[in-house]
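The letters A, B, C and D name the chains in turn, as written, and every chain counts its residues from 1.
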């Protein structure tokens, strides 16, 4: 059994790690930390985790083989750095090791990076798109929930060179994505029966999306001086879990059959791209309608539905996932499985909790 | 008192007309029709309308001065045509008189138009953008709820020539927009705690948007052979009422100050465009954040929040409204007020029911 | 026009007063106070009240004819006392003047009553049950939302002597009843898709219920030494507005026809008791099913549905209302209307916002 | 591996069986039936079950070792009877074998029982209260979701003789309890943001509660001619999953320490009664507040919170569970485990999906 530690178990991502690890056959959560709740039993803070007999400690206990950090950014890098340097494999759920450039980090996260020397060692943990780096990695930057949904939605089209760089990602997120900390816009009476956009001046997940999209961009189409022009708008939806991202990009003329035939071609391209994946399913429009977030509630799937607006010659891709699972804790465990050579789906094969 | 008839009061738009007319000081709902519910008391079908003492009839009674039709398309044109020909002013909430071209209607609504000769008499009832035509009109085509939100969000930018024709409208709608008819995707257990996209092959509100955007388009920018390329994606949100549309378009180079200054310029442009309007409020980002649909719940306001993505040089406009009020029944009464020379806000001045 | 002041407009009850007063034809809200938000425009705090041009002040301005206090308990009595002593009519929405006995107040509200000398002047403002006292009153204690629903549900049965004193009130409340202050159990992700009971050791609305039930109790049945034994359990429901109370009491043998006939007898008793009331409607089971809170959303109605469990010989009464309207602000305005000799329904006749 | 068949997989209980069986280590779902959906792939009807490669058949295939029936009542008994007679162990999730008396069945379910001869062979499958009968059983009547929550909440008090027979069960249910069939009151726009009571003339789960309560009743307290007087009121709550039942009963004088001490005594009684149980947890009020349904979402736990109203000398017990898991499919699998001699928690140990 792998002895797992979770730093900052007291947020939603931390609690979700605990939930999922509970049924993992090869990993056991043996040490958990929290800040304000240190000293309490885990079960007292989270009654749904009553089957754990663990106390929340201020610091991780010794003897852990593997660590997940669910701390906020900056604090997370500070906590992870000594572990990484001590050779303990770490998946960091915070944003600290996602951006390759410490200057970009400083610009978006408002402070110097706490461990810039580790940036080059970190692998971006969107397993499906970066599996080899994850396999060899010791420090994995777990992706942001919004980039996760957008990148899985866009990757096949970008790599195939069928879309131009004018990309719009319009995301709809459940409220748990904003965390467990109290705020007026997350107060039930304010958030229920309402939808709103936020971060219209730029969300921190934008540079992460741009960085990863640029890496995938075919060089013929995007020479070094051409940057994808990505607009990303997140919206708060009156539901607890789930992200649906609707991604738009112009189709490059001549790259697809014209008219309705382009729809089948795009579907085939996506089906092929994800043909071996366990956690990405390309929805077949001849069998099902567009996916709903409920179809992924509580599990590690991402459903991708590519469509073509033949009138406007635009690709429209809808992707859905559970922000706390595939968008956070489930993705992190998937990364752990790959890092440790376990079957990638281990502990992650439960169907979604529908309805 | 104006004696008002409502055709098909038994859907949500019809019931909302009854609700709003109840407190209108110059109009009295005196006759209502329904199909399956004919013969019942209105209060038996809608307990919240218990203060009305009306029976649902198969046909409108005589003696009405003004008629709203809340029938589905096709049936609505058939019911409205004889009234219009008899000189009774009508606001049709269905789609039947929105499209100017009967061929486009046939293509999208799947049947010949029941009264194509009346199309040229119909005025598009988005009052703020077409007030003079409404004032002189006898047959008003009440806008679709999605076009209403998109057009109010985009009109100032289009008319000022600051955006190019690559327009994306990503709309989030409460479930009541899909009506009172039962369907599995509207079943509570399916729709709650979930979000999904729909109509990815083209929603019927698309040609309406394209038609009205094209009319507003400055001729220098859009000669007759240049059509706006509009992609429209509606999404079903787990809330009863409300639409939020997020509209995206590229900013035409040179039309705005560069960088951050463009934000103020766009705000000023919008504030000026809607300066005299009672039912459109341009949100000032120095005072408030982006609007939420809850701020318009139950009333006739549309809140518009224009923003600029300065990195991608793109206009992003968020607009919110209540799909049953400004998106249907309230807009219809606003049109009635204008048609009859009443104050435009009469009966429509209640604040939103927040929280 | 009556010049109205609202103390502590910044909570949900205060905002609801502002919403409802906006369309009151004889009252104008001219002065509003707040604590943390003093100095801001009302519209900046509540965008749905943008049509008001008022600044939130630390203290009420002079020249108000009538005051509503929406402060929390204790603070409210302190603010109301000088106004009452100065002869300004006041409706206090807090609990401060509801309990007749300062000792009971101290026991339940954890502190000495700030103005015990005024208790004898205060009238309990459940208009339908205490109209004459309200009419002559200068200081009205607006009822708690839970007692309002329970008392309207039970009063006819109690007064008619058909039930015994073993009363259970099981109430289901929307989250707005807990106010605008942040708390973990009111955080959207915690409250959504969940229901829980609270205050199982005794809710502050219990002594208010007991006091008013005891006053109504027929003396033959309840001599001074017989106190109603009331158990009251509130539950938090994942909805913003609305209270449904299910009230249970044993039927006194011999007071009603036996078997199914008792149902009609109870309905007739209730219909008669509320026959002249504008804001209480006894639902007729031959026409409608049991009421839902949605049927009262945003308006001042209380719907009452008396039923009989003939097997267990028990009365079961369901009552529904909007906790912010009939349970707070609407009831307060109803009281103002009665105090000032205005028509009782003035400004309160809008139908519910359904769906 | 046990080869499992599920009759009528296409409702919510059936789909939940499929979800839970997917991760059961010793059972494999090999055959599923449906009525309207026969011929379709299971994954086409339920995208969240895409990992199954099964076709919905009109009839069960041969070779199944164990059968769950999720048919509606009457149809279920007809389908189960030949299986039982052929010696195949069956858990029937319908109501058909819950009532011991075919006459009571006919009275409440409106028709002759299809297999009255099997009633005496059926064991009531509330495992915690009837484990030995389940262990030896071949035909298990899975309990109704409401009785399950009420009986687990009341059993320790009844058996200990501390309460009298005037029992009230006030239940709050998520909408999925009403099934997947369409109905206006289950339409999202009607059910969202609303609560209502239903079945005030008597719900079909009432005779089941009464029967099982009577069986548990201590004979000294309840001689044959004394029947518990149970009033049961279910309420529809705007959430998908979950039941919370609040149960009320008078405390028998002299059976408990008086005053506050009674609370600890009741807690101890309950903790003792359920001390060996894996799926019932008595919440300790010194550590946690009253439970919320969210704490059991998606898993097989029932949380029980006994309280005492010392003023009214009444026991108040709150119990929560997921109506589709402990209230249906999870309970059914728990029964299968016991019937087949497997560890009782096998396949059912996942924590709840919170938040």
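We take it that contacts are C-beta pairs under 8 Å (C-beta built on N, C-alpha and C of every residue); 3 or more make two chains touch, one makes a residue touch a chain.
Source: prediction; values computed, not measured.
Novice: Which chains, if any, touch chain B and chain C both?
Specialist: Shared contacts of chain B and chain C: A, D.
Novice: Sort out for me whether A-C or A-D is joined by the greater number of C-beta contact pairs.
Specialist: Of A-D and A-C, it is A-D that has more C-beta pairs in contact.
Novice: What whole-Å value do you get for the distance between chain A and chain D if each is reduced to the mean of its CA atoms?
Specialist: About 37 Å separates the centre of chain A from that of chain D.
Novice: So how far apart, in whole Å, are chain A and chain C when each is placed at the average of its C-alpha atoms?
Specialist: Distance between chain centres: 47 Å.
Novice: Name the residues of chain D that each touch 2 or more other chains.
Specialist: Residues 12, 174, 176, 189-190, 192-193, 238-241, 291, 294, 297, 355 of chain D touch two or more partner chains.
Novice: Show which residues of chain B lie in contact with chain A when the two form their complex.
Specialist: Its residues touching chain A are 166, 168, 170, 172, 174, 185, 189-190, 192-198, 200-202, 206, 229-231, 233, 235-242, 244, 246, 248, 250, 289-294, 297, 305, 307, 309, 311-314, 316, 318, 320, 355.
Novice: Help me check something: in the complex, which residues belonging to chain C touch chain A?
Specialist: Contact set of chain C toward chain A: 12, 174-176, 180, 182-184, 186-193, 238-240.
Novice: For the complex, which residues does chain C have touching chain B?
Specialist: Touch list, chain C to chain B: 12, 15, 18-19, 22-23, 41, 43-44, 46-51, 176, 180, 192-193, 240-241, 281, 283, 287-288, 291, 294-299, 303, 349-355.
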